Each structure stands twice: as C-alpha cells, then as structure tokens.
Amino acid sequence: MKIGLIVLGGMLAATPAWAAESKISSGDTAWLLVSTALVLMMTLPGLALFYAGMVRKKNILATCAQSLATTALVSILWVVVGYSLAFTAGGPWLGDFSRFMLKGLTMDAAHDLAKTVPESVYMMFQMTFAIITPALILGAAADRIKFSAMLWFMGAWVLLVYCPVAHWVWGGGFLGDAGVLDFAGGIVVHINAGVAALVTALILGKRIGYGTENLAPHNLTLGVVGVSLLWVGWFGFNAGSAVAADARAGMAMTVTHIAAATAALAWMAAEWFVNGKPSVLGIVSGAVAGLGTITPASGYIEPYAAILIGLAAGLACFWASTAFKRRMGYDDSLDVFGVHGVGGTIGTLAAGVFATVAVAGLNDKGQPAASGWVDGNAAQIGIQAYGIVVVVIYCAIVTAVILKAIDMLVGLRVSDEDERQGLDIALHGETLQ
Amino acid sequence: MKYVTAVIKPARLDQVREALGQIGIQGMTATEVKGYGRQKGHTEIYRGAEYVVSFLPKIKIEVAVPDALAGRVVETIQNAARSGNIGDGKIFVYDLEKAVRIRTGEQDDDAI
Amino acid sequence: MKIGLIVLGGMLAATPAWAAESKISSGDTAWLLVSTALVLMMTLPGLALFYAGMVRKKNILATCAQSLATTALVSILWVVVGYSLAFTAGGPWLGDFSRFMLKGLTMDAAHDLAKTVPESVYMMFQMTFAIITPALILGAAADRIKFSAMLWFMGAWVLLVYCPVAHWVWGGGFLGDAGVLDFAGGIVVHINAGVAALVTALILGKRIGYGTENLAPHNLTLGVVGVSLLWVGWFGFNAGSAVAADARAGMAMTVTHIAAATAALAWMAAEWFVNGKPSVLGIVSGAVAGLGTITPASGYIEPYAAILIGLAAGLACFWASTAFKRRMGYDDSLDVFGVHGVGGTIGTLAAGVFATVAVAGLNDKGQPAASGWVDGNAAQIGIQAYGIVVVVIYCAIVTAVILKAIDMLVGLRVSDEDERQGLDIALHGETLQ
Amino acid sequence: MKIGLIVLGGMLAATPAWAAESKISSGDTAWLLVSTALVLMMTLPGLALFYAGMVRKKNILATCAQSLATTALVSILWVVVGYSLAFTAGGPWLGDFSRFMLKGLTMDAAHDLAKTVPESVYMMFQMTFAIITPALILGAAADRIKFSAMLWFMGAWVLLVYCPVAHWVWGGGFLGDAGVLDFAGGIVVHINAGVAALVTALILGKRIGYGTENLAPHNLTLGVVGVSLLWVGWFGFNAGSAVAADARAGMAMTVTHIAAATAALAWMAAEWFVNGKPSVLGIVSGAVAGLGTITPASGYIEPYAAILIGLAAGLACFWASTAFKRRMGYDDSLDVFGVHGVGGTIGTLAAGVFATVAVAGLNDKGQPAASGWVDGNAAQIGIQAYGIVVVVIYCAIVTAVILKAIDMLVGLRVSDEDERQGLDIALHGETLQ
Amino acid sequence: MKYVTAVIKPARLDQVREALGQIGIQGMTATEVKGYGRQKGHTEIYRGAEYVVSFLPKIKIEVAVPDALAGRVVETIQNAARSGNIGDGKIFVYDLEKAVRIRTGEQDDDAI
Amino acid sequence: MKYVTAVIKPARLDQVREALGQIGIQGMTATEVKGYGRQKGHTEIYRGAEYVVSFLPKIKIEVAVPDALAGRVVETIQNAARSGNIGDGKIFVYDLEKAVRIRTGEQDDDAI
C-alpha cells in the first residue's frame, strides 16, 4: 500500500510537503506503538518475574525492585542523552547531542531508520531495548548486589556501553558500516548483556552457600509467567524491528516463534536425557535461549534455518549453563551469560550463515540488504565474528572498570548479614508474607 | 493423659486421620514441617551446582489422648503411616499434665 | 480505505504487480500480528495460569509444564506439516503437502482467506489456535497424566483431529462447503477440545480422592490472572478472526466482551442463588464460558444477541459443570467439557439462530456471508447441528483410539505413589516453595 | 496518508459514499482495537493484582472478585445505556437515549470524536475507561465492604457520576464547551475516582486494626505485576486517546512513559530520604502516580514538561499518601485519593500550564486544539480549575448520597467477625492455600 | 516451669497476645497449624463434587512460664480466646525441665 | 530420653544443623514459626500509619535425644545459634517418654 501511495504521489505530482506527510503509515505506526508496549512488557513484568521466580524467597522483592528502578532510571537517561548518543549521525564511534533532551523531535520528525513512523515512536521503541539490556545483566548479580550500587551501575553502563555499541551497530557507526548484521540485537542486546553479566559475576563473587546450600528457584510459577510474557513480547522485539507491519515482520515473528519452540524442546530433551527428568526451569530456559539466539538473524532467514538455530541454542545454552559453568566455577546466578551471551554469539554467527536476500530484500541502493553463506557470501561469517570480538572486548573492559569504580566508591555487595537475612527486608524493609 | 506427636510423610496424612477416626480419636492438630533423619543428604544438581537437600517436607501431627488410649494410638499411627521406606517418620510420646477446652472450660480427659 | 485504493487502482490502470502489492494492508497486518501475540498469550501464560491455579499445590509446576511443552511441540508440528494439512486446498477431507515445511511461503505469499496480510502472519495466527485447542484438553487430565504420554497425545491429537477438523470447517473442506458457520472456532476449537476432554476424563479415570478429599483450587489468584489474560487475549482470537482491522473486528470484539460479562454475572448469580455465596471460581468460569460460547457466532451477530448468548452460556455451563457432572460421575477435573464442550455447542447453534447479514456482510459472490434464523434462514440451525454431530463423533472416536494406543505403549497415568506425592516432584524434580 | 487519500479523493471527485468509506483507517482501527485490549488489561488483571497484592492474605480473592464483578457489571450497563448517556449529543448535562442498547451502532457508524475508526471500536475503548474508573475507587474500601453493596455502588456510581461527568468533559457537555482540557481522563477518571474514594473511606470508616495492627501488603510481587501491566496498558489509555496511530499517539506515549519513570524515581528518592529505605511499594506507587498525573496532559505537552509533571507527581502523592493522610486520619486503604485524586488534580492544572499547539495541533476550525500558559494562554489554568471544582463537588455529593442510600438498604460493611476472619472465606467461601 | 500450648482461632491471636502481655508474659511462639476436633466434617461442594473439609486453620501458641504463673496464663488464654463457638480450641500444659536463653546462657526462670 | 526444642533465627538454621551433625545428631524436625520476646514491639510505618510488628519470623527445631546427650545438644545449639543480638532465641527441654520409628517399629533410643 505504501508503494501504491508513493506511486500515486508521483503520478499526481504531489507537493513535497504532501509526500512527506504520506510517508507516515498508520499501520506501521500502530505496529510499532504495540511493539513498544510489548517490549516494555518484556521487562515489566516479564523479566522481573522471570528473575524473581528464580531467586530465593527472601530476595524476591529486591529482584523486582531492580527491574523497576532500572526501567525508570534508564528511561530518563535515554530521553536526556542516551537516544541522542546512540541514534544521531555523529561519527563512527558515537552519535552527537542533536537530540539532547529530545530537542527537535517534533510532531513531523521521522528517523532515517524508520521513515514510515513518527520519530517519537521509534525513540520509544529503541528505549525499551535500552531498558531490557542492562536489566538482563542483573541476573548475574542476584541475591547480593547493593541497591544503590545497582543504580550507579545501570546508569553508567547504559551510557558507557549500551549507547556506544548501539551506535556502532545500528546508529550509523563503524560496525554497521562494516556490514555487521544484527537484526534485533544479538550483539547490541544479548552478547552485550551476557558478557557484562559474566564480568559482574566474576567481580561480585559467589553467593554465600553457592555449591553447598539449596539455591534452587523458589517459585517457578513466576518464572513461567515471566518467560511467557518474554516470549509474547519478543514478537514486538523481533517483528517490531522490521519497523513496519509487513511480510518481513511476519517472517521475523515466524522464525522467532520456531526458534523458541525448538530450543525449549531441545533443552528439555537434553536435560531429560542427562538428568532423568525434564524440569520446568529447563523448558523455560530453553525458550529464552531460542528467543535470544534467533534475535540477530530474525529478519534475514527462512523458517528451516530457525529450526537449526533453535536446536543449536537449546543444546549449547544447556551445556553452557550447567556443565560448562560448573567446570569454570563462576556464579552467574541466573545464567545470563550461559543463555544470552552464548545464544547471542551463536545467533550472530548464524545470521552470517543463513541470511538470505529472499527474506532480507533489497536496500535503498538496490543491493541485497543482507546475505550470508547460503547466498554464497561466506565472508559474512567473518564480518559477524569481527563484530562479536570488538563488542566482547569493549564491553568486558568497560564493564569491569565501572564495577571496580563503584565498588571503591559505594561498595558493590551487601554485608554477609544482609545477604543471609535476605535483601527484601535488609534493603527495602519489606517481605513477602 | 499423653501427648502423642508423630512426624509422617505428607501423603500419609489422610490415611492416618482416617485410621485414628476409626479408633475414636476426635481431634488432632497438624503442622507442615521439614525434617531429616536417616533419609537425608541426597545431592541434587541445579544448573550445574551440586547441593545437599537436607530437609524434606513432613507433616507433624499432635494428638492428646487419655493414658489408656496412648498405646493404641501409637500403634494405629504406626500402621497407617508405614510405607516401609526410609523417611516414614517417628512417633514421640510425652506426658500431658493438663488439657482445657477453651469453649467450655472442661478439663483433662473431658477436654480432649 | 482498502476499497478506496482498489477503486483508485482500477482508475489508474495499475499493473497487476502493483495491484497484488497493494492488497497487503499495513493496518490489517498490524492487527493480525497483534492478534497472534494475544492468542499466544492466551495459552502462555493465560491458560497455563488458569489451570495451574485450579490444581493442588503439588501439581502446579507440572500443569505449567504441560502448557509450555504443548506450545513448543504443536508449533513445530504445525510448521512442518500441520498448517499444510489444515489450510491448503487438498480435498474435502484434508489439505495437501504443498506447504510442507512452509515451502512456498515466500515474502509475497498471501492466503485466500486473508488476502490483505502476508501469509506468514496468517499461518502464525492459525498456529496459535492449533496450540490452545489441545492445551485446553489438558484440564481434564490434570493431576494424573504422565508427561511423556501427554506429549505423545498432544502430537497425535493435533495432527489426527485438529488439522482435519480445521480443514473441514475453515480450510476448504466439506463442512465449510456445506455452509457450517464457525467464525472463530466453536466447532474447531471448543467442541473439539471439550469432547476430547470428556473422552480423556473417562479413559484416565478419576483422581485419587475425587469425591472424598478437598480438591479445590489452591491459588485462585493465579486463576484470576489466567482468566483475565484469556479475556484480553480473546479479543485477538475473535476480533482477529476478522483478519482485518475493520468494523467487523470491532463488532466481534464488542459481542465477545458482552458475552463474557453477561455469562460471568449469570454464573455468579446462579451460584449465589444455589450455594449461597458467589465464588471467584464461579465468576471466572462464567467469563470463560461466555467467551467460548460467543466464539463461533462472534463475527455474525449483533450486541443484543450477545447478551442472550452470554446468559445461556453462564447458566448452562454452570449446570453442566456442577449438577450434571456430579450426576454423571466423571472427573473432568477442570471442567473442559462442561465449559468448552457445552459452551461451544450452544454458541455454534446460536450462530445459526442469530447470524445476520447486517453484520456478516456479503461474500465475494455478493451473497450474504452468513444468515441465520433471525434473517429468515432457519435451515442454518440444522446445518450447524450437522457440523456439530460430525465433529463430535469423529473427535470422540479418534481421541479414544489415540489414548488407548498410548496407554498400551507408554501408559497414560502416573503411579498412585507419584500422584499422591504430586507431579511436580515426581515428574519434574521441582517444587513450589 | 489519511491526508493523502483525502486529497486524492477530492481530486478524483469521489462520490460521498466512497469518501465516507475511505475515512476508516485500518491503521488507526488496529491501534484502537489494541488500545482497548490494553486498557481492559489495566483492570483485568492489572488493577486486580495491584490491589490484591496490597491487602492482607485473607482478603486477596475478595479483592479480585471486586475487580472482576465490576468489569462485568459496568460493561453491561455501558452497553445498555451508559455509552448513550455519555457520548451522544443530548444536552450540556447528559447525552440522550439514541444509542440505548447500542441501537444504530451499525457496521458503517462512526463517532464524531473518532472519525477514522468504526464506532463499535470507539464504544469499546470508552467502555474500558468506564470500567477502570469505578474499579479504582475500590482501593479505598478494601478489606471491609460487602460484595453485594459493592455491586450496587458500582452500578449506581457509573450511571450517576461517571456517565454525566464523561459527557460534560468529552461527550459534548458544558465543561468541554467551556474549554476544559482533559486528554485521557484527569478529571473524568482520576479526580473522579480519587474523590469518590475519599468519600468512601470516610463513610465506611477505618479497617479494624488500622493504626495498631500490621496492615502492610502481603504480597508485593503481585503488586509489581499489577503496576507493570498498568504501566504497559497506560500506553493504550493515553496514546490510544489520540484515536489514531500517529505522531500525537507517539508523543502521548513518550510523555506518559517519562512521567511514570520520573515519578517512580521521585517517590523512591523521597522515601529513601525520609524513611531510610526505598520500598518496592514506593516505587510502584510512584509509577502509578506519574501515570495518573500525566493523563490529562498527555496529548498536549512536550517531553520536558513530562519530567516536571513526573517530579511533582512523585513528591506530592508521596506526601499525600503518608504524612497528609496520617494527619487527616482517614483510612483510604490503598491510597486512591492520595495517588489518583491528588495526581489527577496536579495533572489537570499542569495541562493548563504546559499545553502547546506544537503538540496539540489545530482543530477542525483551524484554531489551536489546546494551548496553555507556555503558549501565553494563562487563562487556561483557570478553566482547568473550574472543571476540577465542578467535578469534585458533584462527585463528592452524589457519591455520598449513593453510599448512604446503600448503607440503609443493604448495609455497606461486613460484620466485625467477617472482617476479622477475612472476606475470602466469609463472602466467597474460598481461600488462598 | 510449665510449657503452655494452646490451639486457637487465628482471628483471636491478637487478643490473646494482648491479654498475656497484660499479665506480664514477655515472650511467645506462634505457629500456623490445621486442626479438627468437635468442629469437623462439614461438607463442602466444589464444582459439584462433595468433600469433607477435615482440617481448619488454627494458630498454635506456645508459652514457657514459671510454675507459679501457669494457672493464670491458662485462665488468661481461655478468656481471650473464647468466642463461645465450636472450634475455640484447646490448651495443653506440660512440664518443662529446662529453659536456656541462647544469647546469654541464662537458665530456667531467668530465661523465659 | 529428652526432647530438645529451640527457637532460633532463620539465618542460623544451617549452622545449627551442621553443628549438631558434627556431634552425631542424625535427625531433626524444623518448623517455621513467629515469635516475640525481648525483641519485640518495634514500630514500623507503612504509608503513614504506625503499627507494632509483634511477631518476627523464627525457626523452631526439635530434636529427640538420649538422656546422655541432652546436655551436649543444648550446648551445641546454643553455640551455633548465638549471634549475641537480641532475638537469638530460646532452648526448651522436656522429658520424652517414648519414641518409635514408624518404618521398623524400633523403640526409644534405637528409634532416634
């Protein structure tokens, strides 16, 4: 229909103003408004519940508080300066301050990456990504991080790590220019969060009782609700990243769902085989692994590839979160690295393998918007690897520096007494009755 | 009077209650507890971390009975709660000095 | 607007390619993308929570696991072969294999039943129906079915019962050809699931303690959340079945909501009158009864009819789930038959009574898309009854055969010891703390 | 695009029928269908959970039952007569009966306030507002109101207070004519509910144990889920009130989110400072305060103003719900007045301050659709105050009369014994295990 | 010393606590339990299936007291917990051999 | 035999369990309870309304032991549970008349 209108516009020699107006599609806008709501729902209540259900009962409210406060804090930072740093032209390393305090984001503004929707909607959609990425990291810090330290960390991390990396890959920066493909955030969101989580787990140290006490999830019903809302919300995350209500969104939704389902079954089967019982935790972890893994490839691939990616995601993330983690001995409490770091890496490489112009289509210049090994472009895998390596290194170093600085300034970890008593009562003066 | 306390498997509560009802026991108090004994120390793996599950869910029942009935009550609980597996639980008997029914003020054997 | 564009297209002598492109409406696509997300949300977490809240505490995670694994398994089967069997031309009894592994579902494909949206979106929308229908059945098997048997059953049932029936009614099969009206799934979803549930309850036998022990819901808060999400999601189910964001979708949403509200009040009032207290379980059951009952009629009727249908749904399903079930003595644990079977039947007949061309509009050939008794077409009631009878018989027989076969192969029911201990720990090694 | 089509329509001299058809935008309709679902989700399960999580465990199901039954009852009343009274022309005080039982709401009907969507969708969207407003009041009556009295109250209040006030402000009544600005319901929803709640708290009297026993929330996890869904749903509430998927909806969503985030942080900071710990209850209360406060201004203001409004909301509502309430001594159990009454008032006045034509645009007559002090129109603040005063007085009086009448007829409050035992078992015969 | 245990209606806990406070009792332990006695066996209907609710929620309180106070404590609990309806509960008194305050090591009467 | 009961802080349960394990105690039953004593009556403010939190969460552990071990068990619990702060809890010792292991029927010292 868009094309139809544009054609008509041309034939009727419409004035430029007219043409400009006509670019906003109410259908695309409706879908991006909804996608924004869906991705916000992934964090609140999705991720909050997923994480809250996996900690011990004495830390459940504190875990919720972390997701809530992160959402609020990152939102403000995004509006003030984050969006501008990530999504304005600037240079290859960072955007500029031209959207500081959203100035210039008027009613008729549109962003180059989303020409058929108002810029306010695009800015909000991207905000929800900037919220969930740092919120994901908190799974590695569960049960022991100070609330104040957590706030400082989230604020610093989103500005010093998330915004630059988003700019590099999506906002006109050097990784996007190098041809790195990342449809909805394999590098920007999942690898970024996974690596930061690993660093956080290493610097914070293990929970008291790790390896000796029962630290199993206290309420997996909450976990199931959380993952269900993540799954549903991921349709907004991936299909919303098409920034249009079109066949690409439809195909992104399709492959997203297929990968989630396949990975859930794969993790379930692997666990059944290895441990003798298929756990609910395993099924939901598998679903999240599939969803995270498909993310960078979701706008470029065909359904058959989603099955392969889902299989790889379920098996690899199961291994990374159990045997591998045990061997390495770090306490990434809710397996952010094992699921998002490992899954994001697999998916980003898989985009280099399976991306096909049949789905990705042509870009403005009439060239394939994406093509991978299956289209004969094996070099894409190398480009993907390059993007991964750059971000892993940058993210690991800056995250470590931020954490060390905060540890010196306010201290990262609660006292042993508070950790034993539980963060709910110790930090927030509240308990679940 | 005696105060008979038993720690049993949760799945056996209904059978014990019925068996006691059949020998005329009209009242009982039950509490959810956790316990370990012989049945202990099994290792579970959760996400690759091994840990020992020390406490298992049990039900504690308490029955105040006239001295004369105590033996039969113990026997009845024992039969109804026994599955023959480890973790079936224990019965403890103490002396009860006094019992009062709050509603009526009746005392001792009349109260239970 | 669609019409406008088509008119314009004609006037401007657009090329066929142009016309084909112009058929995809971003507004309709946005709504169907959202409807897909809403209907997935009905199962995860909606139905999972509704059911989990109604079982005993020791079976809550197992109940969640059933919904989760069913979703994953059915999704894969649907993509591989289910969609093709149900929604390709084939013959009167079954589709063909032309969409095996979704082959041919390219970026510009559209399905005849949904010309203004990409076929990938339509395929996904229909997948969510194929997920929730078998998941509904599990309410009859609560607290006692083996997880492995459950997986075999779900897989077999969706392929041997759901796909054929969906083809008969919607996919170009003989029931649709006979004029059976089923807007969003009275026959395909609710009668189908309800009858299968009754058969399942009969073959599985009663829960240990049925009729003597307290089997009342352990956490109706979860039930309330579940039903709330079902209610909200049902807007996608029924209004989404208009496959367009238009007045028909609006009217479908309206009558859906009216029926839910009326039936909730009716069940509440009946229970208040009969038992002296209005239970929360009654209110939510009434809402579900109203939603299920209106489903087959929802795109064909006017608001006044929704009030009548809601009333009938609330009262009849209350009776079917209490007095009637008690008299018959089967243990349909969460009343799938009493609510969905009975409700689906009432609604399917009601579509024959209340369908009106004023809402249904004209079809491609310029004839009324639907008309019932109120339009002077009393024969429609007979056609509806014919559809019901065929599906009830087919579903009952095939479901019984599947269950018996699985019982012989792997055993349907857990051991008494496992049932007493609870499925959470026995089957999944997990508990709610 | 709308404009494009209309321009085209003019150029091609389309027939009036054609033009009328072309007004329905599938994109706008998609967004309003979704917004309706989102706002229903605010009540079920959003508000139900928010309130249920804040009461004591023995009253949790009764609290859910109140939201459920209110939704069902108000829906029916709305369809029968409420929508007609509120949204038909009628006179300055009340609409007429021309949409009694939705008569005339045919497939091609559209409402003057929402020309690009089918009227059924607009009616449903408005219904969700008519549901949540009375449901909000119930927070003041928590733990002690009779279920039957609650039903009578909800029914009477929605017809005698909500419908008239909605008509005055939105439906063509005298407050709208006087120029009162209320984008999405500061006066109609939040002040209305807040004032009614205060009156209800005063007439019902304090809960047994108020001021001596521990009445703190028993399960704030539910509260977090509830508020999260309120937050997400509020995108439908405010951005949906643009009745189009356009830049205005985008900006409304933006300022809504900013205000929520700012107020959550403000309340958190204030409580941290005053009480030494930031509570989860404080963070979620702050978010709700921000959301309620921004509501009347959300379609008229720029992002910077949302930060100021959010700050004011967080601090003022914190004070009103703690220090102020304690000094005044009423038991508004879940702080409906402190949050919605106070927030709604601040936001309505703020609309008079910050409304700007840059966001609000021009109305049909080419005049600014809204302009406040920042546009040089300080008089708008006075108009806003006039609207507030009128509604506060009317609402307070009529609410009091309704409550007194119900108290005489059926009694408002449960017996002391029932209140001690808990409403779940006393009124509904159910408990949370 | 005596160890006084009472099973009471949950709604009465606050009254009992206050009454005991007034006669100088400074410590107490309370447990959520389920019980039945005379008040038992009422039939409920859930979705058409009848079943017997055998156990009702109760609170068990435990108070260790010096011998001299035992009588008054029993009396006080009895008065504060009595509603006059069936299910008001029972009071049980045992002999307590020894009491220790963990923090200080104080023993017996000093410890309670 | 003696029946040793202790009300301790929840965070100390693991330490007590381990300490008892080291002196050879093979079984134990634990219950979540609420209690108050010296540590009581602190005022909390919730939304502007002050109230007294009377009961704090505690864990009650129960261990049946042969007479000879009773003293050491009390001592061990005392050491493992003591943080030195108010609210550390109490230990109570009663006489136990009889103990039965349900599974085997073993009695008294053999049963525990």
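For reference, chains read A, B, C, D, E and F in written order, and residue numbers begin at 1 within each chain.
To be clear about the criterion, a contact is a pair of C-beta atoms (placed from the backbone, for glycine too) under 8 Å apart; a residue touches a chain by one contact, two chains touch by 3 or more.
Because the structure is predicted, anything quoted here is derived from the model rather than measured.
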Graph separation of chain B and chain C (steps between touching chains): 1
Chains in simultaneous contact with chain D and chain F: A, E
Same vs different contact residues, chain A with chain D, by half of numbers used: different
Chain D-chain E separation of Cα centroids, rounded to whole Å: 47
Computed distance of Cα centres, chain E from chain C, in Å: 51
Separation of mean Cα positions, chain D and chain C [Å, integer]: 32
Residue numbers of chain D (touch at least two other chains): 8, 25-28, 30-31, 34, 213, 216, 225, 245, 275, 281, 429
Multi-partner residues of chain E (each touching 2 or more other chains): 31, 44, 54, 94-95
Chains that touch, pairwise: A-B, A-C, A-D, A-F, B-C, B-E, B-F, C-D, C-E, D-E, D-F, E-F
Contacting residues of chain D [partner chain F, same complex]: 210-216, 275, 281, 321-326, 331, 335
Chain D-facing residues of chain A, complex: 5, 8-9, 12, 14, 18, 21-22, 24-31, 33-34, 36-37, 40-41, 44-45, 48-49, 52, 60-61, 64-65, 68-69, 71-73, 75-76, 79, 101-102, 105-108, 117-121, 123-124, 127, 147, 222, 225, 245, 427-430, 432-433
Contacting residues of chain C [partner chain B, same complex]: 209, 213, 417, 420-421, 429
Of all residues in chain C, those that touch chain D in their complex: 1-4, 7-8, 11, 25-28, 30-31, 34, 38, 57, 216-221, 224-225, 227-229, 231-232, 235-236, 239, 244-251, 253-254, 257-258, 260-262, 264-265, 268, 275, 277-281, 283-284, 287, 303-304, 307, 358-359, 361
Touching residues on chain B, where the partner in the complex is chain A: 44-54
